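Every chain is named by a letter (A, B, C and D) in the order it is written, and numbering of its residues begins at 1.
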Amino acid sequence: MLEIDVASLKMKSPLVLASGVLGSFSPSLSRVAEHAGAVVTKSVGLQPREGYRTPVIINTPHGLINAVGLSSPGCEEFSKELSKFRGDAKLIVSLFASEPDDFVKLSSYFDMADAFELNLSCPHVSDAGLTVGSDPELVKEIVEKMKSRSSKPVFPKLSAATDYIEVAKAAEEGGADGIVAINTLRGMAIDIGTRKPILSNISGGVSGEGIKPIAMKVVWDLYEELEIPVIASGGATTWRDVIEFILAGARAVQIGSAFFYSYRVFYSIKESLIAYLRKEKISLNELVGMAHKTV
Amino acid sequence: MLEIDVASLKMKSPLVLASGVLGSFSPSLSRVAEHAGAVVTKSVGLQPREGYRTPVIINTPHGLINAVGLSSPGCEEFSKELSKFRGDAKLIVSLFASEPDDFVKLSSYFDMADAFELNLSCPHVSDAGLTVGSDPELVKEIVEKMKSRSSKPVFPKLSAATDYIEVAKAAEEGGADGIVAINTLRGMAIDIGTRKPILSNISGGVSGEGIKPIAMKVVWDLYEELEIPVIASGGATTWRDVIEFILAGARAVQIGSAFFYSYRVFYSIKESLIAYLRKEKISLNELVGMAHKTV
Amino acid sequence: MFSMRIDKIIRHSDDVSTLFFSSRLRSYPGQFIMLNLPRYEEIPLSLSSPNSVTVRAVGETTYALIRLSAGEIVGIRGPFGKPFTPTDGKALLVAGGIGAAPLYYLHDYLKRRGAEVKVLFGARKAEELVWKDRFSVLMVATDDGSEGLRGTVIDLLKEEELQQYDRIYVCGPEEMLRKAFTHLKEKEVLGKAEFSLERYMKCGIGVCGTCILEDGSRVCAEGPVFSGKDLEGVEF
Amino acid sequence: MFSMRIDKIIRHSDDVSTLFFSSRLRSYPGQFIMLNLPRYEEIPLSLSSPNSVTVRAVGETTYALIRLSAGEIVGIRGPFGKPFTPTDGKALLVAGGIGAAPLYYLHDYLKRRGAEVKVLFGARKAEELVWKDRFSVLMVATDDGSEGLRGTVIDLLKEEELQQYDRIYVCGPEEMLRKAFTHLKEKEVLGKAEFSLERYMKCGIGVCGTCILEDGSRVCAEGPVFSGKDLEGVEF
């Protein structure tokens, strides 16, 4: 009942695990995959990367602030880890790099991937992520190169802090199969007891419920401007949030920070979505972008 | 005990009412002024402006989304209203316009103002606000013109969605007396029952607790980059938030959305700040930016 | 915000209807909601019971509302605002026209608490004494004398021995509120009187600043119910 | 996050101290906190009472912690994680080295509930039987025989008539957990056994994915306390 296609990916549900959350090891990816349409891995680069010292995360009533710093064992190690993936959802491998050729090289390590997400939007690492994703020409070139080497779907992931419409259109022109929006927003917190920033990296990326309205607006705008599908990310926590993103134009919805509340979040959202579609006698496909038609 | 200077403004407390919240009439401005260091009025333009149709506001557990649309009676009417201001806090009049000369013209209506805030950051009105505030050269010119006509302090108010460091530096070069950061962030919400955007304007500006980490990062960055004082705005709700902003570098802290919780928010925060300073045996001036020194 | 289905509608007259929601709102009498009929404006309406509003058509949105059919979905924020202070003693409710709306709810609420409730209800003509059978002990007045006393609800109020009541609740048009206020002040019973005020409202939650009284009070947050004492010296 | 002052410190030995916070945390035995000493790393530590942690120095952060002076302020997130399942019957607590930390808290908690509590405590040498007087009914073992049985806590465990206990709680180094698991499985008492596991942790709240077991469980969220049954077939 929840089957949906995102570009050429046939997914059993619109629910997708967001990158960086429970995505460093196959056992957790496989477990989440049980009730997901796809899982996105932690972003991986060519070289191993330590990531920042702890504290790397803050939990607040409105969401999380993280500065994990793209910690990763590097593509070689990680491809070994992912070869153990046994989940029955699509496996999307998230890549980060600074150069177009490096993205292509990275992707060659991951035969098991059903698609690639390009992390062009991590706000707290200086040579990758957002630095790359703010440059529409560069984004276009990266996507073009990726598409010229492989037929697998490529989903650039954008930030709300850029001129995201321009960047998304450049990606679309380059041949992107869909756009993921949004990544975390730059933020920080200071502990008034110790009078110091809490994160070792001082600032990090804000995710979770508090950023949902901001992500919603980006998804809305991209749905109006693009032909290719939009995959939402940012604050989805309940089945209502998932429906809201779909009404705004998302064909799939990523969930990350909500795992703070429960490992069963995909299961319960999945069941609620089925109940909702039955009760409302409507299909997912009809719901996608429906809020645009009624304005 | 809470006295603090922001540029040449001698304020009895660092607490400032944010623009657009309870700032359309003198009675509410005067009432808030009782326990505030300064109050900023609703932004006013040369012409009367209807604003958007209701719904113009959404309340969520993480804050508000508003698209009031800079509704205003226009400068002539508004200056009559403000002549009734009887508060014993500084009166800061918030101005919006698209042209440098219009800002200057606007300011000439408000003799009663102790200072001016320049709204260069409203995210949901197309010809003013953010459209102006994304252009560093224009911002500089506006500030220069304002400062050449009057000695009253001028505080441009910036958005987190621009290259705020660049814009703030341009404003500083132009002679700004301080920077207010941040305004609301673009966002929206869709009602899943009616399947329509809730706000009549579709999207609006996100304020309140959920945006605090984002505002904190901007205040932190501006404190590092500027010589002139920074005035924080965005999500401050409790006395702890006020201290956190001050530690990040703010000399004053604006409060808006928190009036949703209580009209007495300034009173209770004021009393808590006094208790905190006594207990910690420290002065406000020492606290400003202190978190930078300990990193 | 959340949205609710309209389950049932009672059309009391040409221009007044009561809309029932699919579920009850946790609320107190005197509180209001911000109701948004999609494509129209969002407007403040007092709850006339935990799951209804009673609306009089005066403009675009209210006209659309009274003509609604069951099954429609409306957006709701709230309930917001300060409710009436209840009593379990003797209560006098004074309603002018559509001002009866919150008093339907208050009436039932007080009776369930064991209060002895009397209602004075005034309108221009008989048809405007909307839903008057909701009130058990009732005296009415109409401007044209088509039912009850010929005159206003203020005339009824003047007949009352006010000392006997523990609480007096007033809701109606501004003119009537002012007259009631003056009379109750003269009789020195302001201390036990409460008035439900109306102002144009945009946010309903105390931030936008459109509903401000002379003393700085926000009708949506410190009100809409104000005690007589609160209103002394405030023009309203 | 919030921060708390360290009120008091007990230095049990060269490398183990207990730090007491200025106030109690609402928590259950078996839960842990993420503790951040400014300028050092943030690390997971089990609560050894509602207002303390007991730390063994093994690296940079833990060295700094055991040397702390009262008055310092530390950042705290939590308490997090699944606690032990309490009993008011007969309980056997099996502690290896610093693994005793959560069991101090559990011991007191169970006794207050009226349970009959016996503790088996093993360490390399007598000095490492830290704070052993916190336990009222105790049997000890040391590798070098400097106190109690010469041997390991597993040897003590093997002497026990396990059927008599309602619950068996185990905490200690990995090697010891595995041996205890094997023995309890052999004796067919896994169903009433609980094990507190340790894994490197970055977030403590189930999102970063660093503490994942073979079956996908998160030690910080589904654990750190796992039932014997949960761990069957899982390499840990």
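Rule of thumb we're sticking to: contacts are C-beta pairs under 8 Å (C-beta built on N, C-alpha and C of every residue); 3 or more make two chains touch, one makes a residue touch a chain.
Please read these numbers as outputs of a predicted model, since none were measured by experiment.
Trainee: Moving only to chains each one touches, count the minimum steps from subunit B until you reach subunit C.
Mentor: Steps on the shortest route: 1.
Trainee: Where centres are the averaged C-alpha coordinates, which chain has the largest centre distance to subunit A?
Mentor: C
Trainee: For subunit C and subunit D, what's the span in angstrom between their mean Cα positions?
Mentor: So the centroids are 62 Å from each other.
Trainee: Distance between subunit A and subunit D based on Cα centroids, please, to the nearest Å.
Mentor: The computed centroid separation for subunit A versus subunit D comes out at 37 Å.
Trainee: Centroid from C-alpha atoms only, then distance subunit B to subunit D, rounded to Å. What do you get?
Mentor: 50
Trainee: Take the average of all CA coordinates in subunit A, do the same for subunit B, and state the distance between these two points in whole angstrom.
Mentor: Between these chains, centre-to-centre, one finds 33 Å.
Trainee: Could you list the positions in subunit B whose residues touch two or more of the other chains?
Mentor: Only 189, 192, 194, 196, 294 qualify.
Trainee: When you check subunit D against every other chain, which residues touch at least two of them?
Mentor: 38 - these are the residues of subunit D that touch more than one other chain.
Trainee: Considering only which chains touch which, how would you classify the arrangement: line, ring, star, complete or other?
Mentor: If you draw each chain as a dot and join those that touch, you get an open line.
Trainee: Going by the touch rule stated at the top, which chains touch which?
Mentor: Here the touching chain pairs work out to A-B, A-D, B-C.
Trainee: Going by the contact rule at the top, pick out the subunit B residues touching subunit A in the complex.
Mentor: So the residues of subunit B touching subunit A come out as 60-63, 65, 160-161, 185-190, 192, 194-197, 202-203, 206, 209-214, 216-217, 220, 240, 243-244, 247-248, 290-291, 294-295.
Trainee: Going by the contact rule at the top, pick out the subunit A residues touching subunit D in the complex.
Mentor: Those in contact with subunit D are residues 20-25, 27-28, 30-32, 42, 53-59, 64, 66, 68, 189, 191-194, 196, 198, 200, 256-257, 259-260, 263.
Trainee: Which residues, counting only subunit C, touch subunit B once they are in their complex?
Mentor: Subunit C reaches subunit B through residues 1-5, 34, 36, 38, 41-43, 73-75, 77, 202-210, 212-216, 218, 221-222.
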